[in-house]
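Chain nomenclature is as follows: A, B, C and D, assigned in order of appearance, with residue numbering initiated at 1 for each chain independently.
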Amino acid sequence: MAPSPQMQRDMLRQMQTIRRFEERASDDYHAGDIYGVVHCYIGEEAVAVGVCAALTNEDKIIGTHRGHGHCIAKGADLKRMMAELYGREAGYCKGKGGSMHIADFSIGMLGANGIVAGGIPIVTGAGLAAQMDGQGRVAVSFFGDGASNAGPFHESLNIAAKWKLPMLYVCENNLHSAQTPASQTLSVEDIAARAHGYGIPGVIVDGNDVLAVHEVALEAVARARAGDGPTLIECKTYRWRAHTERPNQPDSRSEEEIAKWMKKDPIARLVDHLKTQQGQFSDAEWEAMDAEILQSIEAAVTFSKASPFPAPEAALADLYAD
Amino acid sequence: MAEVSFFQAGMDALAEEMRRDAKIFHLSTDAPYPLVDEFGESRVRATPIAESALTGMAIGAASSGYRPIVDWRQVTFAFVAMDQIVNQAAKIHYMFGGQANFPILYRASVSGGGRAAAQHSQSPYSMFMNVAGLKITLASTPYDLKGLLKTAIRDNNPVISFESNRLYPMKGEVPEEDYTIPFGKADIKREGADVTIVALAYQVHEALAAAQTLADEGVSAEVLDPRTLVPMDSAAIRASVRKTGRLVIADEAGPTAGASAEIATLVTEDPETFACLKAPVKRVCALQVPIPYSPGMEDHVFPDRRRIAAGVRAVLSF
Amino acid sequence: MAPSPQMQRDMLRQMQTIRRFEERASDDYHAGDIYGVVHCYIGEEAVAVGVCAALTNEDKIIGTHRGHGHCIAKGADLKRMMAELYGREAGYCKGKGGSMHIADFSIGMLGANGIVAGGIPIVTGAGLAAQMDGQGRVAVSFFGDGASNAGPFHESLNIAAKWKLPMLYVCENNLHSAQTPASQTLSVEDIAARAHGYGIPGVIVDGNDVLAVHEVALEAVARARAGDGPTLIECKTYRWRAHTERPNQPDSRSEEEIAKWMKKDPIARLVDHLKTQQGQFSDAEWEAMDAEILQSIEAAVTFSKASPFPAPEAALADLYAD
Amino acid sequence: MAEVSFFQAGMDALAEEMRRDAKIFHLSTDAPYPLVDEFGESRVRATPIAESALTGMAIGAASSGYRPIVDWRQVTFAFVAMDQIVNQAAKIHYMFGGQANFPILYRASVSGGGRAAAQHSQSPYSMFMNVAGLKITLASTPYDLKGLLKTAIRDNNPVISFESNRLYPMKGEVPEEDYTIPFGKADIKREGADVTIVALAYQVHEALAAAQTLADEGVSAEVLDPRTLVPMDSAAIRASVRKTGRLVIADEAGPTAGASAEIATLVTEDPETFACLKAPVKRVCALQVPIPYSPGMEDHVFPDRRRIAAGVRAVLSF
């Protein structure tokens, strides 16, 4: 069953919010207001949004170094996200985390994580907790194609499969890890094939089709809630930008490949889909939605700039919980 | 008070806490039988050999309201989980600005003497001390182990309990009633006036034996057991050294960048204590080599009461 | 093509040598002449022997904590092995290693290894070296069912598959890892199924049938030498004894299971096979072979006892190579 | 002599050695382009993100006659490979009785200052110092880096080169001719009489700046750079402190069980040097916390010339 038109619009809004948020983050990074390392999710928005639309507030997810999309899709507050990028007190992590480490535990977002595959065991522990709670909650691990070659992927999937943990393992196969193409590092064409080794379903989906992603996510979530264990979902997708926003970053990918994938824009695709559903969506509505989004992002920036930097001595706080 | 082995005191601590709090569960590659029997296979899980996953899963479960215990068993096996320890568990509370708590107990046996050779004979606690964000205990008696483990389980942070395998069979008095031992409080195992011996884990007992020998020679040695390495009770160590003017550290880890170096430096960087120092500090540690298999070589590597006493005589003759 | 009768006898001799060696090692361990931890391979002899019979001296292997069988099958000297267990100067490692760390680099035995799955990357590096050498050499990783759930297994197989390294990954599935049955930890029935995830062949073989093991090993070695990459071979087998020889070791396995598998004795099976090959093998020959083996082991013990213990100060040697 | 960046000096060392010895090859998760161009994809391999496997593969290849270089890139990623480092690479020569050689160079960047937050800002070299069997370099100039890397590549043991990412853009003079720098030989970067500042990596430059300021105040500071942490040139450090009577250690790692504690203890446990010590030792280190993201907080965590100078004044006013 396709999601309602309203739900589709919500998905569109989230995808566009991710994109606009990152466009602004990139600008402000280059302007010197945001520091360190920023990895953009642009082009892959359909994955986080399609999956998280299948979740409740009680379900848990973990993101990657490319984590803004996961946060926004799970419902994080743009203001506190942007303030974190700005390194301010009002940021989600009081300025301690930055782009690579945004979390909102109150909505089940267990954090972006800067270690490739490092988040997979952690969220698998949240899946174990969900199972022990017995409330039908699920947990979702987002990770890249690169992470699927790392040890923690294997250890976690084996445990989750054996214990039938209520988990989704969502691989964002964007065909590259940093400067290295997946074709040079992946011994299989399809990462979903690895599911065989754990006796669980492995599903391949067009990661640029939010409705398709949502459908497989719904199915996997139902499976997980029913106690039937984890699903490995491989989303074929692509990042539009360089690995990070650092100036003069190398980019080993061909212009043709990038252009080809930009034509498969997941946002344009959903807009098209909504428009072709007779009477569902007008140009004006789309423009209005985008304007609203831009406004919310402007508001987030204003909020961030108004928030003070943490005192230098705040570096000493938060080492331990009480 | 009952006489209980170090091993049993540890098991008792876990069982009593698990009875008290249903949110505690236990992961290890083989499940400890008495706990399985009492608490069932769901709370006491035998896992695949995947310590990296277990270590990380504890973090995720902790953030979901549980209080996991992961027994790595030998510290050796913790090294496959080092990313989860150093990059995740130690930093996750801090880097997310203190949003969530991660109450986790990790246990690991350390030490040598079992002819288990290089890979299975290690005492690398100082490596973990260097990582900000962990708390670290290192008990020397059944009483201390039980109390420290209970404190660890109730703490809202990742705590590592390092436990010398030489101590597991050792018996000691342990009260029936519930008690805890605060972190960061050293215990003076023997009072003395001429020299402070800061001793760790099994070496506490070697130091006490050395102190006995030294007493016969007219030397009064104080034996101080820090009990927790992080936080370290630097105040107690410094106070003792200000009293005695001399410091020997007995540790069965190697010296290089070891806990022993940290303890020495806590003393020598403190102006007031430095002013009282009458002799160079002395580390009585394992030799800085991997641990060899053959008994004669292995025994040669480790410190013992004889070397501790010799170390004390050396600083006294300065 | 079945191996020649002579070769079959050589295999039998090796299997029986492993068994007799370990029976003696166990006795001498309990007598206090051997220290630390001893893990016996008894019951699994057909795996190491069947595989190593497909190798040359130039090929490399790595063993596990249960490593005597791998050493003997690769041609290690019983005297120097036993002397190592005895902790003597004449031992392979001059008394530094003991049972869990015997190596003979001169015959391509890169060592027993005390870390579960720890040897897999190392021998994969030897496989890379073999590939770079271009001499048609191969490398073999022996590991247990337990190791197949660990991260290094996954990382190594992916790399070996992608780079088509001349490797055999030989899983000794003895159905248990220490006190924990594989049925509690393995998410798949057959570890060989994990080969799917790397796009390489995964073969299941009766690990108590040395001729069957040898046959699949020959095939995999040929594949590897031809540049076609690695094979995952799962040998279904069983250890007869407790996880280690430590007195009062727990053993979680049922007596029925142990008895069932002892009936599948790989040595008795080959003896039977040789006998039923008309005129190939008489009781007298078998007894003579066993007597010779026992003699060689007695000689190894005599040799060991004659070798001095290393000086205590030798603990300081061998920290670094010159 | 050419002015070459620290980064380039490292690349040059690798390229020159690879030209000299066909047995050298290079593994890292992204391949360094200039080396790929010159030596091809078979000797300079881009690998899957599987540092544990890479680290172990180097061991196996080394035992087969190769001389692998594994660039972990950030030391952070070395923690997923810690089993292969601690349990295998460090011990394998020893535990097999010296049968085979394992010539391996591991490289890792350390330090902070890049607003990269807790996971990507670490300087944990002391953790590796504690492990017997490794050699460890920590260069402070392009000249030293190149010479140390060449020595490391020619060494028959596993060597870890830790490299401060703050130094990569820094330029310095590097001769055209082949040269090496012996391990275990400290370099006095500035001579002085009143205090010894042992400084590590980037802090050498901060210490030199502090020494300049102090000179204006009439204080003569000696700046000593150990260059290799294992082996550590304790003789040179002790000789310097015997001359000056005072020791300050500048390190951008946290203090606890750090290299700084080891250096302090090498001085205070040596009777002859202790006898010359006029003041407590002083560690000027990073604060013992993970590294925060926001610039003001991050800068607050790290030592700098100001804090070094203050540390020197403190020991001088004892």
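One rule holds in what follows: a contact is a pair of C-beta atoms (placed from the backbone, for glycine too) under 8 Å apart; a residue touches a chain by one contact, two chains touch by 3 or more.
Not measured: the values here are computed from a predicted model.
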Touching chain sets, computed without subunit A: one piece
Farthest chain relative to subunit D (centres taken as mean CA coordinates): C
Whole-Å separation of chain centres (CA-atom averages), subunit B against subunit D: 29
Chain centre separation (subunit A, subunit D; CA means) in Å: 37
Whole-Å gap between the CA centroids of subunit C and subunit D: 40
Overlap residues in subunit D, where contacts from two or more other chains coincide: 47-48, 50, 52-53, 76, 80, 83, 87, 94-95, 117-119, 132-133, 289-290, 292-293
Residues of subunit C touching at least two other chains: 93, 95-97, 101, 113-115, 118, 149-152, 155, 158-159, 162, 184-186, 319
Chain contact graph, described as a line, ring, star, complete graph or other shape: complete
Contact set on subunit B toward subunit A in their complex: 25, 42, 47-48, 50, 52-66, 68, 83-84, 87-88, 92-103, 132-133, 135, 156-157
Partner subunit D, residues of subunit B touching it in the complex: 52, 76, 79-80, 82-83, 85-87, 90-91, 94-95, 117-119, 122, 124, 126-127, 129-133, 230, 232, 253-262, 264-265, 268-271, 273-274, 279-283, 288-290, 292-293, 318
Footprint of subunit A on subunit C - complex, ascending: 149-155, 157-159, 161-162, 184-189, 193-200
Subunit C partner contacts - residues on subunit B that touch it in the complex: 29-31, 33, 46-50, 52-53, 76-77, 80, 114-120, 287, 289-290, 292-301
Touch list for subunit C against partner subunit B, complex: 35-37, 87-88, 93, 95-98, 100-101, 113-118, 146-147, 149-152, 177-180, 184-186, 250, 309-316, 319
